[in-house]
Structure formats: structure tokens, C-alpha cells
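There are two complexes below, and they share chain A, which is joined by chain B in the first and by chain C in the second.
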Partner chain A sequence: MNEKILDEIPYIVTPRKDTGLTNSKIGIWLFLASEVMLFGGLFSGYIFLRVYADYPWPERVLPIVPGLLNTFILILSSVTVVFAWAMLKLRKWNMFLLFMGTTIACAAIFMAFKVVEYKAKFSHQGVRLEDYTILEGHVHKGAVDSQGHIYHLDDNGNPAKHHADENHSKSEKGGAEGKMVYQKTSIDQIVFDTKDISFDLKMFNDGYVNDLLTQAESLRAQITFDKDIKYTTSPDSLPIVVAKAGEPVTLKALKEAKALWKKTIANNGAVRTEELRRQWRVAKHDNPDAPNWQNAQNIKMDMDAIRPNLVASKSVVTAKVEPHVAFLLDPKTTNASAKSAKRKDSTLMSGNLIDSSMELGIDGVDFTFLVQRAEEKGIDPESAIEKSWILKNNPQVRAYWEKHKEYIAELDKKLLDDADGDIIKAEKAHHLERYKMTWKEMVRYGSEGETDLQWFNGFAGPNHKKEEWAKHFPDVSLPREQIAFESKFTPRWNNYYAIYFTITGLHGLHIIGGAIVLGYYMFCPNMFRKNPDWLANRVEVAGLFWHFVDLVWIFLFPILYLM
Partner chain B sequence: MSATTTDHGHDDHHHNPNFIQKYIFSTDHKTIGIQYGIVSLLFIALAFYLMMVMRWSIAYPHEPLPEWMSWVFSEEWRGRWLQDGKVTGETYNMFGAMHGTIMVFLGVVPLGFAAFGNYVMPLQIGAPDMAFPKLNMMSFWLYFVGGAIMVGSFFLESGAAKSGWTNYPPLAQIADAKFVNQWFTGQTQWLLGMVFLISSSLLGSVNFIVTLVNLRAPGMTWFRMPFFCWAMLVVAFLLLLAFPPLEVAAIMQLVDRFTGSSFFMPTGLYTSASGALDVAGGGSPLLYQHLFWFLGHPEVYVLLLPAIACVAEIIPVNTRKPLWGYRSMVWGVMVLGFLSFIVWAHHMYLTGMGPMVSSFFQVTTVLISVPSVILLTSMIISLWGGSIRFNQPMMWAAAFLPMFGIGGLTGLPLAFNLADIHLHDTYYVIGHFHYVVAPGILFGLFAGIYHWYPKATGRHMSNILGHLHFWPSLVFINLVFFPMLIQGMAGFHRRWYNGGDAYLEKSVDGTNVFGQTVAEFIDLNVLMSTSVWCLAAAQVPFIINFFTSFFIGKKVENDNPYDATTLEWNTPTPPGHGNFVTEPEVYRGPYEYSRPDYNEDYYPQWVAPKVEITEEEVVTVKSERTAH
Partner chain C sequence: MAGDSPAEIKKALKFYGLIGAILFIGTITTVAVAVVPWMDVGARGFSTGDLILGLLIASVKASLVMYIFMHLNHEKKLIYLFYGMAGFFALCLFFITRMAFEDPIHYSGFGHGEPVIEEKVEKH
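What follows is the complex of A and B.
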């Protein structure tokens, strides 16, 4: 290459003599420096969040073996990427393809493990009760009819009679006859028998409105406007009717109403502004030397004068549901009381709250937070646990807990022997297990030790579809007022999962991005023929990035999986 | 990773780009520099306008916004965001947040670093272009998209971001939380916009450093580089290393917004609007502040150094003397860059970090004034004994020195955590950093515009319009910011949307917690606001000058109209693609003015020494080397 040509960038392929580097080499090192700061920021965030956590920081809750395998897979891929580069230098295209292909395959396996790991979290429900007991499990599926009756599903997925229905004072009708209208759902929704709905034009959300309309349709009810929806946009114009009373509510009508309502606001704002300006002109004319705040006290808008120019501007549109039916509302976005339910988009529904309890198949009970709170208040942890809602209300959990205490006592004894009587050392050794029952322990306690779980069982968490395990998971119906906080095991659940998903998610994006770039070079045989050194440079640079991504994981793995 | 392809010929007609390639998606560093310059000037104008609206609210909180400002908005927008034509507290917050954001991230940084850096730096080191021209183009367009996202958010249902330019949680996270669709809220768009801007500056900074390391012309050793290039190198490192933690903060806040996590949400947060918040809690608002200010403080030097760099180029040219203390300035700027990474928590004295941490950051903060003073003092001493040519750039550069001096000195009381208890969050802080940024940095950058305009366009800017721009600007900008220092010491809080009116005993909704202090100094609001409008009027000559001089300005007589020594004056005017006609070679340092052994008063870097070297000259060269 002739590097003397102006307007051509030198040192793309051959290094500059005094620095000994090509442009891209410097570039990638600088980029990696910036990446170090990026992940450094995240790791600092991790330390900060963990040190200042006011709740028990989850330790060793992720499956270690797949994580460890992933570590080796990434290390392997870092090696093969170097081989791929070396094969380019040796001008062996097919060997390059082989090694680069291995690298990409490693990346794919790594991501596959990640997908399994993530998926288990997204379907696992966590609930923090008011007394800080933490329950883990899976929400049961069911069906809710238009009257708000809740049914469990039978083996065919059809609504079967609800065991709690016997307590229902309402008369049974329909049952599982097949004629009934019902909606399938997770039993953790607010079931609200709705008579009237008022939409807030300022805030209503398309998705929410559509959801209500679809639910009404499937329950064979109709939502209709109960008054004419009409707006006059300026004092001189005629009223525009969007919909008449009795016409069905549609998203389109609401949007039209919103557009008109905005115009009424604009008109009234302009009229009032004009009047206020006029008043200020008068005030300044009368009192030219008075300070602004003094004049402000004397300013009064002449409402009588401007009233003819103002137009009605109502932002709430009301509708009724005929016949009134039970809607299912997401508890996270609904604020419900006995007679009304307010959705996050300010849609107000009035009627009767029927039920909002959550039916959970429990596969984990964790009292560590409760114990922490009790210790903060100076209460004996054991008696605080005894008083917990779940032990009082669920005999099966109570029975497991007794067995767990026996098991812990045994463990204590054994550890104390091992630790030559050093109580502190012995206690520390299993502080993670003392106040916590995992699903594996539940299976063991429930089956009297007959079902033995191996280390490879349940990488993807407790499987509720596997009957021999699931039969040992206690069912509980949690009243909404007992639930302080509930979430799937997503970033929302707590900051451990938040930082876990954020760091591993960003790392995963780096893996995907790196794999795409590295994979792209496998489709550059032309470049290999014309300028193999340039291609080798590119692979080298991308390989440096790949090493960095590997290195990040080597830091990630211990802090998230082991510590 | 690669740059332009190898099949480019060496003459210009070989390379025949169409209009879009040449002016829109250009990979030429000069075009990109000008694109950055014009877009960032537009953003500065927008942010200035936002501030004019705010100043109206401060001076006349009960009066409707006058027509000459409110005509910009549509009637519907006015209906929503103004109450009977008056600026509401919410609108004020929104404008305040966006004024800061736009000025810092979309205005001054792109103008100083990206525009001037892109245009001037490769010319000064004798490079044909940036090391990665395509990345350079991407960097501009990422910036453009980030800016468009920010500005577009004004038209959303939620309005633009409204939690201050620092976007502190938990306030920032509660703001707009009521909207179901979190994508289209001002707060979210702010975060997304920041992610784009950060990516842009990452690409830019990598490009700058690689160019400086690898593309210097033969003979352009490190210590023959003009100070401007050194400053760009330091700025690029600051951007490279300081921005990622802010990106982390932005990502974490995005995760909080979208997944409901609690990175920055403490336990037990309760708002009057929604009661106890339905979040896990346990997060740390302080973590955000640390991450933000880890960027935030180096960012101050990212703003400042390009302005100092422009002034440092202009002073030697117009005093016809070498820059005094060039080497100490270079070392100074490197120390400054390093120290700027360990002073960030002086923004957080009042967060309850504890006296130990505060004391540490107090010490580093006071330390950083040493290199700053070295820079400023060197430039002032450079004036000593020169016969100064007061052309347009030199006037702005000369005004920069005392203005930046005031800005720097007013910062000292803030560095001490005891004094800061009184001054924190008052107008004193606003006055201090605006003295640095507006009459300081912006004056320096104006100097740069006037200085390099002839190189970029081949025509001089008008001298008369320049005077009409300079003198009113100098007067009014001081009338805007000096009273802030006074008000601040009297305790005026920086976020009062009504300028303290609510604290007047006799005011409409007065509560009089401040006794007589507010009454004493509140009238300064009218003075400051009026000055702001006059300052706006003073920019009109500049706008006229900037655009008309391109067509009717006096043509430059030669490629080096100022008789300057640095390499950018060795290019054709304006420089073509590839910059130099012949490959430049560098023989000496950047500021060789008035050398007694040379028959002209400037000795350009590119002029080869006489071929026959006498023994005497060898001795001179040697003694010169040892003198350095």
C-alpha cells in the first residue's frame, strides 16, 4: 500500500512505525477502556446496592452448574477465536471457518443456557406478605365467569367447580355446563363487577380501553356512553357530536372526543390569557410604579365579561356496562376498594369488588426477611415465625416447618461437632438455610424422604407440571390485604434480580453483538483473497473484544452466582 | 472498524460525491465539524429561548407570557402548559431541565469538542482526515438523533423531562410514572436521548484519540502539537472514561422505569399522589448521584477545555509572541484531566455522605484549582509586552480571561463544604457556573468562530457587526449573572419558578419565611430578565454576520491571513478533501513568533529550515531544544 497518497487514511493495515500500532488496534483498546468504565460502573452499583441493602440479599439462588459450564464455554470460545485468527495468518480459510464456527457455536450455547435461566425466573412468582414472610410459587390458572365466580380448571382445561365456592353465599348457576361465558386467567387478578365506567380523556390508554372492550365482548356485555358526547370548540361554532347516549364506546370515539376536548382547552386558555393581559395593562396604567407582586394582588379577571367566550370543557366521559359483568383487572395497575376501582390510566370503574385473592402453589417459604425485621425490633425470631400468617393459616406449611426445624437441629448438631464446638462458626455455616425452605426440601419433607432429588434436578427451577414433585407443594389462597408486594422473579422483585438482569442482559447483548461481528467475517472470503492481512486485523480486533466479554463473565459469575 | 476504502484516488475529481454524500452524510471531518457547529448553535439558541421564558416567569410570575415569546407555541400547547397564559411551575421545571440538558449535552459540548475539534484538530496535526471517517459520520448522526429525541419530547402528552438537568431520582422516576405507556414520556425520552448522545461521544472520543496518536504528520512530535490538540486529547479521554458511568445510570433508570425495579427507589417511599409506592424498595438515590457526577464533573472540563484551547490558539497569533509556558500548560491540562475524575462528590456535600468523604473531595477540589490557575495565568502572561492586534477573535479571547477568572474564583467558596452548606442550591451556584459557561466558555467559542471562519469559508466576518455583537454581549451577560451571585448569597433558591415572589410577606401567596432578604433583592430579577432579552437582541448581529459574511464578507488575501504558524493555515482556503496539497512536514514547535533569528515575525511549523546549515544555527537549534 502506498501510504503517501493524500486523502487516504494511513495505518489501516500496516502499523505506524513510531507507535507500532494500526488505527483499529488503538481504537479497540480505547473502546475497551470505555467498556471497562461501563461495567465498572455496574459493578460499583452492585457493591453499593448490596452494602446498603435493607433486606436480606439473596445469596446462591442461581443454578451454579450451568453458570460454571457457561464459564468454560466462553473460555473455550476465547481460545478458538485466537486459533481462527492464527489460521488466517497461516492463510487456511477452511480451518478459519472451523474455529470461527466453533466460537459462534459456543456463543449460541451460552445464550441458550441464559434463555433457560431467564425463563425460569419470568414464570416464578414471589410474594411478600405484610408480616415480611416471603412465599415463592406458581400462580394457579383458573376461569372467571361473568358473575365473578372463580373456577379451577380440570384436566382438559375446562372450568371445574372451585373448592372455595362452597363458601360463596351467591347461588350457583351455570357450573361447568359449557353454556356459561367465562374468561381464563391466572388467579391473581382483581375481579370487579362493573356497572359504570368513566374514562379520563387526558390520560386514557389505548391498550387499557381495548382490554375492557374485549373483555366485555367475550362476556357478552356492552359498554355504552350514557350521555351524548359533544363538544363546542369555540363560542361561534356549532357543537360537534362524537357519539349519542347509548352508542357503544369505541377507541375511535374516545380519541375524537379527546381531540375536541383539547380544542376547548385551547379556546378557554386563549380567552383567559387575553383577559389577564388586559387586566395587567389596566393595572400597569393605573399603578405604573407599583412592583409586580403588588399589582398581582389587585388583578381579578372579569369572569362575566369573558363567560360568553368560554366553552364547556369536560375531560371525563362516562359509560355504563350492560348487563353489568365481572372484569378482570391487573392488581399492579389497579387501585381497588369495595365499590370502585381506579386503573392506572385514571379510568374509574364503579360496582362491587368480588375477589382479588391470589391462588398460589407454594414451592418456597423464606422467613429471613421476617427474622431480620424481628431482630431489628428486638423480637425473638422463632416466636415471630410462629406468629406468621402462613404458619397459622396453612397446616401443610406448618407441618413442613416442623420437619425443617428438626432437620436444622440435626444439622446444627452435626456442624457443631465438625466445628469442634465453635457455635459461631457452626451458625455461620448454614445461615442461608436456617429460616428458609426451598422446593427441594418441601419435596423431601412431603415424600418422607422417598423422592430423592439429584444435583441436576431442576436447573430451570421447580417444575409444577411434574406431578411427583408438584403434589408436595401446598396450595394457598392469599387474600389481597395480606400481600404487601408481589412480582415474578424479574428486576421488579428486588435489586439483586434487578442488577442480575441488568448486568447479565448487557453482557448477553455484548455476546450477541460480538458473535454477529465475528460471524460476519466468515462471509468475507473475497476479502481473504484480496487482503488477508486486513481481514486478520479485523478478526484480531474483534477477538480482543471477545476476550473482554469473556473477562466480564469471569467477574460476573462469582459475584452473582457464588457470593 | 475500518476506514475509507483503499481505492480512493489521490486527486479530487476522482472522488466525485453527490450533494447528499458531500453535505449530509459526509465523512469529511471539516463538513462534519461544520454540521456539528451549525446544529449545536441552533440547539444553543433553543435552550436560550427556554431560558427567556423561565426568566419571564421569574421576573413577572403573575403576568401572562407576552405574545413575542408565546407565539412559538401552538394554541393547544399553550392551553395545556400555560395557566391563563402564565408559566406554571411544571412548565418552568420542564424548561429548566431541558435548558440545562440542551445547553450542556447538545449545545456547548458538541460546539466546543465536536465542531472545533473535528474541524481544526486534524488540520493542526497535518492529517488527511480523522482515523475513522465513517465512525465520525455516525457519531454526528447519533448526536442528531439524540437531539431530535430530546426536542421531540416537548410535544408528547407528558411534556419533556422535568426533573432538572441532573435528573435525580426518586423525583425523576416518580415524574411521568402515571403514564401507562412509559416509552412516550419525557423522562424516558430524556434517558434514551442520553444513551444516543453518550454513544455518539464514545465514537467521537475514540476517533479523536486514534487520530492524535497515529495520524500526526511527519515531524509533528507530541511537543510540537499546538495546545489546542493537547486539550482535545484530554477532553477525548474525559469523554471516553467519564461518560460510561452515566450510561450505566441511564440504563439503570430505564430498567427502573420499564420493569418497576428499585435501583434508585428507597424503601418506604410515599407520595401524596399515589400513596406508598408499589415497588420493592431498598435502592439508593445516592448511587445515581455518584454515577451522574462521576460524569458530571469531568463534563465541566469537557465544556471548558475547548474554549481555553481556542483562546490559547488566538492569543499567540494576535500578540505575535509565543504562548507563555506552553509546556506547563500541557502538563497542567493533563493533571487537570486526571484530577477532574476525583472531585465529583463536591456536588454532593449536602447528601449526608459524611465528613470524611466530604473532606477528601474538598481537598481534591481545591487541588484542581492549581492546574486551572496555571492555564489561565499562562494565557494572561502571554499578553504581557505583546503589541496586541485587537481583531474580532482577540476581543472575545481577551474578554474570556477575566470572565472565566470570575467564574473560577466564585467556585472556591463552593469547594469548601462548610461554605457550601449556605450556598448549596442557591443562585450563587447558578451565577458561578454560568460565569464559567456563558461569558467564559461561550466567549471563548465565539472567539474560535471568528478566528477560523476565514479558513472555513474564505471570507472574513464583518468587523462592524462583530463590535455590535461583542460590546452589548459583554455588558448584558454581566448584568445577567453578577446579580445572581448577590441573590444567591442572600439565600435565593435556584429552583424558585416565581423568583422568590412567594416569600414576600405581602405577595399573593406569600409565606415570609425569609424575612426581609427576599424583599431586598427581588427587584434584581427584573434587571436580570431585561438583560437577558437585551442579550438575545445582541446576538442578532452575530446571526446576520454568520450567514451574510459567507456571501459578501471580505475575501481572504491568502491561505494564511493572520500570518499564523500552525498547520491549519498551510491548507488551501477552504481546505479540500484530504486537506493538504502536499504532505506537510513539521520542523518546529507551534508558536514560533518573533524569533530574533528569523527575518519575519512568524516562523510557520511547515517551513523547511534553510538547506545549508551553518554551525551557528546548529547551536541555536540545540539551545532552543534545551530551553524547552
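What follows is the complex of A and C.
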């Protein structure tokens, strides 16, 4: 079979006379040339985003250890893949399996580290406050009862400690643990006590509607239509009733209402179009020689004439929530004010906004953006930091910041001493260390210097499950009005993470693809017996791709992790 | 490959191992320059010096991978032509960013209003 294929595919073992190369090698090099341009474009994008960033570009924010280990792993795999190829040339099948198996194992470990790294980013919260302070940390889990009161969870995962209202009575606290109905959630939700809801038939989203219906059900409330939902789709037809006032809102009912509403739109559109056409015919008849643009100016819709043929076309359906309860709304999809909340699908909720603060365990405070904005306005950065919301409202962060200032002052002094007191030659602390407190510094300040973490501590970043570290992370309750922007450390957070995930994600796909192709050759013993040179050539070609993947990472690692 | 005889391949294996070791050392050097204070070059923290040195080490490592592992040192001129063209076009992509300067649309900054379109004002 293989020999037959060899007859059909020329120059895959012996080189062509004109090029001096096998076709497969020319093919892979052409493919790699396209890959150079693909990654070249992405690197170009990275440079563009970094050079023109109008905010402090994140530097050395990724954990170095997994990146370093992955670099070692890829280098090792580059060596083993070339060894595997050599073993085929030496006709040692078992040794080929050993080295190729090591290469595949390296690919698996590389991807495993990537998963750990990505997972840490996806669970890490970033918040930009209105004053441009950036906080990093983890959002606490909690529970919210039907009245919108927030509870922390105890060790067993049950709501235990009342947070939102310190004056809440003990009996109510007990109620939360037992009788009260609550929803468990990350304490980063807009809590809105809702009385009325308006669904927009043009825009409503199935997922959002289902979310509201599910929440109402779990809170033992009901969302019901407050008026009959009926449509007359044409002047001659009878009204069709979708639901009567007091009947529960369902997705099915909303979809039926939407379908009927579309028919009313279609009817009214057709009536208007027909009227316009009629007018156009009249205008052309009256002024056959006038240009179209002139006739068009004389056309006016005769509303009195068409009104009898139009039908009511209301796109908003209103509903009541009985009894009124507190819904949890995702801040990313909801715009809330004191008395109303509007979701992305234009569903409008009226009622009262309840304390919707975010409960954050802080593991990083970054004032660099605040400083940049202050300098742009000609304000002294230090005084701008002193006036920041977080320093005014969180004593623990304030205490850490005081220690940080002492640390920076010592560092400046040491740098001055190193320069023998020559203030011109002396360097100053880097702006990133001056205006930013990392989680490692927080642990050091919190432990009074007893725990001094190095660059290699914390495999994928701050670990909030490690009590030894987590006890030093300050908790803060961030009022919703202080939050300008929030996101996990995903592409949404900033352009750095957008390009980081794009390039490393694409690179990861190359790793998976390359590993599948290389791994396939381990299951080709027949080819090895019949035509080992052909198999060696295939491994060499796939190996070229593998080395290219390594080559890309050689640049990615310093650029993304170290610079 | 220089040659396909078993002796030559066995000899090459040691060389590949050596290149692998150099790549390891290069990686450690890159990290050390970034995180070890006394090895920091240029200004304190990340600076242009770090950028140049980091990319220089990466370029040396990449060259070793290309020339030794990918056998570019023994390849035909045609491969160099492919690679040269790809490099040239990739370089062109880098210069596309420069064209952003020539774009008449400028953003006045994050959170600071709408895009501003520059208008040419003729002087009288």
C-alpha cells in the first residue's frame, strides 16, 4: 500500500533534480513562511498596542515560573524530536518511540502549565476605580436573600454573617441560615429590588429572560403580565390573545407576542409602502418630465388615508413581580440607577437599587494609572494617591501603603549610597515598584517581614486558598458607584491580555496540532519496516514545524513574561 | 543534514545535545537579567537596555534553532529565498504600525471623548 502511494506521490523521499529538495520539504517551508507572516502580524500588533497604549502597559505581570518551565520543556522537546528523527535514521524503532514519546509528554506538560496559568487569570479579578486606582484580587462568595441582604458564607458554605446592614437583628441572621430564601453568588452583583419589569419584544434575550424567571422561582415570587397581551395583525382580523393579565410570564408567551408583533409591523409597513407607491404613481402622472428627485420631494404620507388600515404595534410588554424581590443582575450586562435597572437586552426593571457593593480580597494595588492621570492634569502624584478612595476607606491598605513608602524610601537611599551620594548618577526606584504593591509585598508587610517571598514563589500567582498568604490580603467592600470598570484577567481587562491570550492561545493550538501529527508517527511501525527513510522524512518535516513552534515561544517568553 | 551515515548521525547527536544545553543557558540568562538586581542592565527595572539584551539573547537562541535543529545551515538556496521573503513581508507588517501615524483619525485618549478627525485648514 505504502509503495503504491510512493509511486503516486513523486519526490517525497528522493529530491527533485531541479530544486534539490523533496516536495514535502518545500511544502513545509512554504507553510512555515506563511506562519512567519502570521505570527509576524501578531507581534506587529503587540508592538502597536504597547507603543500607543494610553495607560500604563502591564510589565512583568505574568508568573515567570510557568513560562520559564515551559521554555525549558519546549527546548527539551526540540532536542528529543531531532533525536527521534536520528533514531529512525539509525533504524532504532524503540529508541524512536522513547524520544518521540518524550516529545509528546513535553507537549502535554506544556499545555497543562498553560491551563493552570489561564485558569488563574480567569479567576483573578481586576477593578478600576473611578479615581483610576487599580485593585486586583478575588471576589468573595456569598449569598443574597430575597430582600437583597448580603451574607458571607461560613466554612460549610452556608450563609452565616450578615454584611449589608450591620443593624440587622440576630433573628434575621438566624433566618438566613434556616428559613430565608437566598441565592448563592459571587458578591459582585447588582442587587435590585424589582417591582415592575418591561420586556422589549424587539430585543429580549432568551438567556436573560430565563435568568429572571429562574431567580423569581427560586425566591418564591412570580412574574405576571399586568395587562392582556393581545395583537390584531390586520384591520380585518380579530385580536389574538397571547396571555391575560395576571398570567405568569413565560419565554414561550414572549416569543408568541414577538411573532404577532412582527406581523403588525409587517402589516403597517405594507400599508405605508402601498401608500407611497400610490403617491409616486400620482406624482409621475402629474409631472412625467420632472426628474425623480424632484418628484420625490412632492411625496408626503397621507396619514389620514392610511390610518384605518394600520394596527396597534406595541413592542413593550409590562409585567409585575409579586411579591417584589431582589434580583441579582450581572454588572457587565446591567446599567443600574437608584430606581431603575436596564439590561443589555433593553429589559427595564423598576424598583430600588440595594447595596450592590463588591466584596474583594485585595492582592494588588496599582496606582500607576492614577499617577499617570494626575501628572497629565499637573497634580502631584503623591497627593493624588493620598486622596484615593482605597487609602481613605481601608485602614489595612493604608497601613501597607505606609510600609511601602518606607520600603521605597529605603530603596532610594540604598541606590543613592550605591552611587556614593552622587544624586545625578543615582538611580531611583522604578515607577512600577514605587506606585504598585504586589501580593508578595502585601504578604511581606502583613507578616512584618517574616514572610519574604521571592520571584519563584506562587506558581501561577497569588493563592487565596493558602491561608498563610491569604490572611494578609485586605478585604474591602467596594461601593458600586466607585467601580469604573471590572473584569477578570481575560482579554476584556486590557489590550495586553487581549494580545497575550491571542498569541499564546494560537501558539497552544500549534502545540496541540504538532503533537497530534508527531504522535501519529509512533503508530506507523509498518512504514518503518517497509520504508524507514520515508518515515524519517515525514518526521523531519513535522519536526521542522515543531522547531518553529519552539522558535516562536523563544520570542514570546521574554516579550510577554519579562518585558 | 551534513550526512546520513550512522557515524555522522551519532556525532551530530552530541552536537544537538550541546545546542540544547546552550539554549537552556540562554533561557536562564534571559530570566536572570530580568529578575536578579545585580544582573539588571540599563536603568533600574525594565528599560531599553533590558529590551535590547532580552531580544538579542532570544535572537541568538532562535538562530541556533533555525540553523542547527532546522538544518538551515545545510539547506538549498530556495529555502533561504522562501525564508527571506517571509521575513521581508513580516518586516513590512511591522512597519504597518508606522502608518498609524499617518492616519487622519486620532483618539484623544481613553475615556476622554470621541475620536477627533483632523481637518485641513487652508491658510489665507
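Please note the rule applied: the second predicted complex is superposed on the first by the 514 of 563 C-alpha atoms of A that agree within 3 Å, B and C clash if a C-alpha of one lies under 4 Å from a C-alpha of the other, contacts with A are read in each partner's own complex, and residues count from 1 in each chain.
Following the convention adopted for this analysis, contacts are C-beta pairs under 8 Å (C-beta built on N, C-alpha and C of every residue); 3 or more make two chains touch, one makes a residue touch a chain.
For clarity, every value in this text was computed on a predicted model and none was experimentally measured.
By the document's definition of touching, both partners, chain B and chain C, reach A:37.
By the touch criterion stated above, A:192 is placed in contact with neither chain B nor chain C. When both complexes are overlaid on chain A, the residue A:542 reaches chain B alone and has no touch with chain C.
Measured by the number of chain A residues touched, the leading partner among chain B and chain C is B.
When the shared chain is aligned, no partner comes close enough to touch A:521: not chain B, not chain C. Of the two partner chains placed by the overlay, chain B and chain C both lie in contact with A:26. By the touch criterion stated above, A:52 is placed in contact with chain B and with chain C alike. When the shared chain is aligned, no partner comes close enough to touch A:182: not chain B, not chain C.
Once chain A of one complex is fitted onto chain A of the other, the partner contacts of A:491 are limited to chain B, with no touch recorded for chain C. Shared-chain residue A:9: touches chain B; no touch with chain C.
In the superposition on chain A, chain A positions 19, 21, 26, 30, 33-34, 37, 40-41, 44, 48, 52, 54-55 are in contact with chain B in one complex as well as with chain C in the other.
Of all the residues in chain A, the ones that touch chain B in their complex are 1, 4-12, 16, 19, 21-24, 26-28, 30-31, 33-35, 37-38, 40-42, 44-45, 48-49, 52-55, 203, 205, 207-208, 262-263, 265-270, 272-273, 275-277, 280, 291-297, 299, 301, 332-333, 344-346, 485, 487, 490-495, 497-499, 501-502, 506, 534, 537-538, 541-542.
Against chain A, the residues of chain B that register as touching in their complex are 1-4, 6, 8-10, 12, 15, 59-64, 74-76, 78-80, 82, 84-86, 128-129, 131-133, 178-181, 202, 205-207, 209-210, 213-215, 240-245, 247-249, 251-252, 255-256, 259-263, 267, 278-284, 286-287, 290-291, 294, 501, 504, 506-508, 510, 523, 526, 577-581, 583.
By the touch criterion given at the top, residues 4, 6, 9-10, 12-13, 16-17, 19-20, 23-24, 27, 30-31, 34-35, 43-46, 50-51, 54-55, 57-58, 61-62, 65-66, 69-70, 76, 78-79, 82-83, 85-87, 89-91, 93-94, 96-97, 100, 107, 109-110 of chain C touch chain A in their complex. Per the touch definition, chain A reaches chain C in the complex via residues 19-21, 25-26, 29-30, 32-34, 36-37, 39-41, 43-44, 47-48, 51-52, 54-55, 59-60, 64, 68, 71-72, 75-76, 78-79, 82-83, 86, 89-90, 415, 427-433, 455, 543-544, 547-548, 550-551, 554-555, 557-559, 562-563.
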